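I have a structure I would like to understand better, so I am pasting it below and will then ask my questions one at a time.
Order as written gives the chain letters A, B, C and D; numbering starts at 1 within each chain.
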């Protein structure tokens, strides 16, 4: 039975079909769940429905979504990048150090941070391809060294502040609601979308992630593509780090290290799988939104830290259950 | 003894079985036939406990039974050799053969002595030359399939299910297997035998059950059917005689598109010289493992030759990786489609477009509609049966998956197309279609090099056949030399046939 | 004579093919470095061989080594658990709080602690084996859950272990064998038995390919659950060792054993699913421990010879981490034979049953 | 006081649970180094080595054991946890090593070691009392603590609660930032988002990041903020209150120099001096803990004297100072 057969029949059937398609799209479900949790937050605490809330929701979502972009690409390509947090922190330190409360240095910072991200990404990719050990372990090792270097180079106490105009370009509120970071998103999101969905490179990433051997024999330069995903991931993390410096105004060593895991959770909740070859950036954005709303809800509930931790863990398990159950052996 | 009644099974939107039924009697070998995607494997897996049917009953000795796991099947005396194997590649031969069935002694510790003995006798019975301590993944496919069967037979089943067990076997192995199967039949074992090779049906089987699109269309004693009948029930069409092809296609004086001279690539390829002209189909024959695959991969640049020269399209060609070869206009289709060709989680459209994806500038804008148009065109041209082109490629049956892979390359219009045993496990009907497609390509000026494990197929499709034996060309069959007898003789290495035209032969 | 040499040669060649070879080489290298460095730093060439010296090294690191050994079981069945570290803290907390709250003898606390570890392991097993969720993120989620539980049971670090107990744990049997070594040997003995039982084979099969194991009549879920429970038991033992070492309770400790044990296992030659053995985890963990110890002595030595040299402590971490990366690089040479298997195994771990065999 | 002229060599091992990413601990180690150098004047040539356990009790134990084996004279420990080192302390003392615990209080009655800590209770108490002064009775505050289960945090919380009660402040929400800047900013953002009404924010350090949340959300500043002690925090509050008092705040120092002070306690002990009888009065006799009062604090009212110091600091740096050998001798020894 194909689509055409059902199309003419009762509208109820259409609904069923739509429902089926909806449940098959992790991004759609993640958005729906976000809306649900958002509504729940508001119901529990009606005062929470204010400009601040909406604004910072958008701000945090965008920041998380940008820092998860690289991870999305790497995971689709069949890898895993644990160095996102360390690269972000390094970029943030570099940004506040270089800007040192002065404006007009954005381009210089951008170029140098992206270069740094690319170098770390290249090391990741190169070692993953050459050492041939699981990406998780290799990138973790590289990430540790990036963290240690931050320390060695700043003596543990990085100096300087991000430039005021730059800070403003991240956190300014349009109409008191929309944070100006959306301007960055307006450039960044389409680039990622194009890269993954509308470029030959993106398609190659999907093929490599799905079946490396087949991709190789089909003429894809597999190692090149794998290394490129890590390089791009490093650059995107570095970019996220720059924005992070704007968000935080100043940086510390390892300030964004938690993003290594939070971004991974956002990506996975957004429907990208560990096995590679499957996933979309739209899903990741939805996952980032969901994680942000969830964190807000937990704060709204005002539970003690222990309960908050337990609930947080349980909810991650629940979210994983929605999409990330691997197939049963018996069908 | 075993009866399946009204079995239905759907995978998402695909209906694999529609109220299929089958009866298997003890002491009989039942052929389970059907074209690709007709649901044979699904039926087997239901009996093996790997697939749960949506509706229907399984009766064993008249009693309804529920097979929910491999363990249930084992308890009921059902053993299976799967089409896609059930060995654990990182474990040894010994461990695999006895997996789930290990003999123990005191306090549940493994009984090493009895393990060693059992395995040795099993290996001998199946004339297997591998060592008990070899890791399975290091063994050639045919040995792995024999192990799979040996493992099933070792269980001393009442019901033995063999899903395309012979697809990857050599003739000598098939002989061993048939001997054992006949023996088991005499012992009263009920055997279900799935195959696409019709002569095996007549040679070995007593009963036949024929599936078409998941329905049982016909069953009865094999003696009631002719070959034509079988094909008719499987496909719903009478077989058309493929017009036997004769004569050379390349004109004298035409320069060869590809020349491979004295290629060596240890350990399998020792000294191969071969030419291919635009517009012809060159066959590569030989027993499995005589260097065919390695040679093709060397042409593609997937492995580097040790010595020799390759000229492609006039220029000297020493490709470092497949990407370079493909850029130069070579296409490659592997018969190992799951491992080397399919992108199972990606859509049908993306799979068809894959060749195009790999080629060209990486950071340009790709229109979605362009991809879809390309895919739709291929689907129409090659009559691939798909639901929607946005469905995952894994929803297609084996034969259609293979057509998809072929479509992927042909749509790219390469100058030279390499096919490594592309019709393994593809049914007669689809196979003919694929042959027609290849012939069309050759007529349009493509050079096609195809290796096949099936001699009939080679005879049917190839203009010239190079026969490989132990890494060398034992014969080049052409014109009147191209006979079945010559082919088999060269395959066994007992005969050398070299055309005069070829100066630098082996 | 020559046959003896041959047989040695043969077993050596066979050993090179085993996954544990990688870890073993790293272990030997690290051990040599440690012996030399410690000898130089302390001015007594054989300082390492003093029972007190290696005894305290063993005593302090037995929990971590056990964490890697427990982790290796999970890797063999194709799972992993990064919350293994905080589970040690859970065991520790229960060990301390049960006697303190109910006035029962210490050993009752121990049994309760092993019970708690088994329950948590069963819950994690249920998520990864029965619900089939990605094991790494299950572990991540459980880090939160277990932390919450730990702090609920024991809001602040506290508690005591009777002196006799921790003195006994830190003692040497016959003056040369540390008690902790006996614990390690006992757990490893458990593995040797396990390996020679059908369950051991089934673990490899399930890790290698769950679908095919299932087809062979093995219940992958049951095997993975059993592996989780055995892991839980080892964690329980390790947690008790931790408790005896620190002689008190701390709800938030040892968290980083989770990721570190994983790295140790991979360094030691384990693959994700069906490849390697507990020996790999053990050697990998030893490598970790010995390198850390060596770096200690290295810097201690520097501060001695270079007058006015004050060690900025972050250099120690930097150097340790660089050595770990070098260790990973070194596996290119040591694990040549197992390289490809490992790569495939990693994909396999997430694809579960989707694997297409050669 | 032994021979002033003769130089006595001493080997010092500083054991710390963390350095990386923690400016406080960085400064802590630097201060110890400086204090060690300064001791030369008193005739002690101190070689310094430091070891970091990265929050792993096993590594800590092993490193301590190594230090004992290596024959260090003074072992200064900022421990991973406030319990769990009894066995190793016993060994150290058997070897005659001067073992001093500092910063994170070590809570064991079974061993007799000196605990030199900053008075954590006071930090919370001072903050909440000043908040009470500013906000008045019945005002609402939120309390963001550090890590639940950490002893320093718990002491501070006691102080916060006690003073809040005395001043009649109502605590309308309690949260944790787990000593993470990122979490601190996130949690403050979420508190603001929740639309909850409160007048002041009581926060157990990481105040800079919490304050940054007001920038990023664009919300109206609260009527009170405290406490923090980093360059970033001080620079932020000074800027906010540059022209006039916009947001009352408090800076209370939790000096990383406490380690250096502790070293000087040890040196005094090595000199053979004895502690005064009343040293535990403002401490805890049970654990032999001496609580050093926080010497520097300032608010919006007396900020001018501290402006110069604050502006010269790196954002992550904290206010530091320590007691010299003589100061320690004078204040705490007979």
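The working rule: contacts are C-beta pairs under 8 Å (C-beta built on N, C-alpha and C of every residue); 3 or more make two chains touch, one makes a residue touch a chain.
Since the model is a prediction, treat every value here as computed from it, not as a measurement.
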| note | The larger set of C-beta contacts, choosing between B-C and A-D, lies at A-D
| Between chain A and chain D, what is the gap in Å from one C-alpha centre to the other? | 36
| field | Centre-of-Cα separation between chain B and chain A, whole angstrom | value | 42
| Interchain centroid distance [CA atoms averaged], chain B/chain D, Å | 72
| query | Tell me, which residues of chain D touch at least two other chains? | reply | 19-20, 148
| task | Send over the residues of chain B in touch with two or more other chains. | result | 49-50, 69, 339, 344
| remark: Flagged in chain C as touching 2+ other chains are 151, 211, 214, 314, 317, 354
| query | Which two-chain combinations qualify as touching? | reply | A-B, A-C, A-D, B-C, C-D
| field | Of chain D, residues touching chain C in the complex | value | 14, 16, 19-20, 29, 33, 36, 47-52, 54-59, 61-63, 65-66, 69-70, 80-87, 107-108, 110, 147-151, 154
| said: Quick check on the complex: what are the chain C residues that touch chain B? | reply: 193, 196-198, 201-202, 204-205, 208-209, 211-219, 271, 274-275, 341, 344-345, 354, 356-358
| query | Residues of chain B touching chain A in their complex? | reply | 11, 13, 15, 45, 49-52, 68-69, 300, 302, 321-323, 325-327, 332, 334, 339-346, 350, 353-355, 357-368, 387-388, 408
| Interface residues, chain A side, partner chain B - complex | 1-3, 194-195, 197-201, 203-204, 206-207, 210-211, 213-221, 275, 277-278, 329-331
| query | Touching chain C in the complex: which residues of chain A? | reply | 78, 127, 130-134, 136-138, 140-142, 144-145, 148-149, 151-152, 156, 212, 261, 264-265, 268, 273-276, 305-310, 312-314, 316-317, 320-321, 324-330
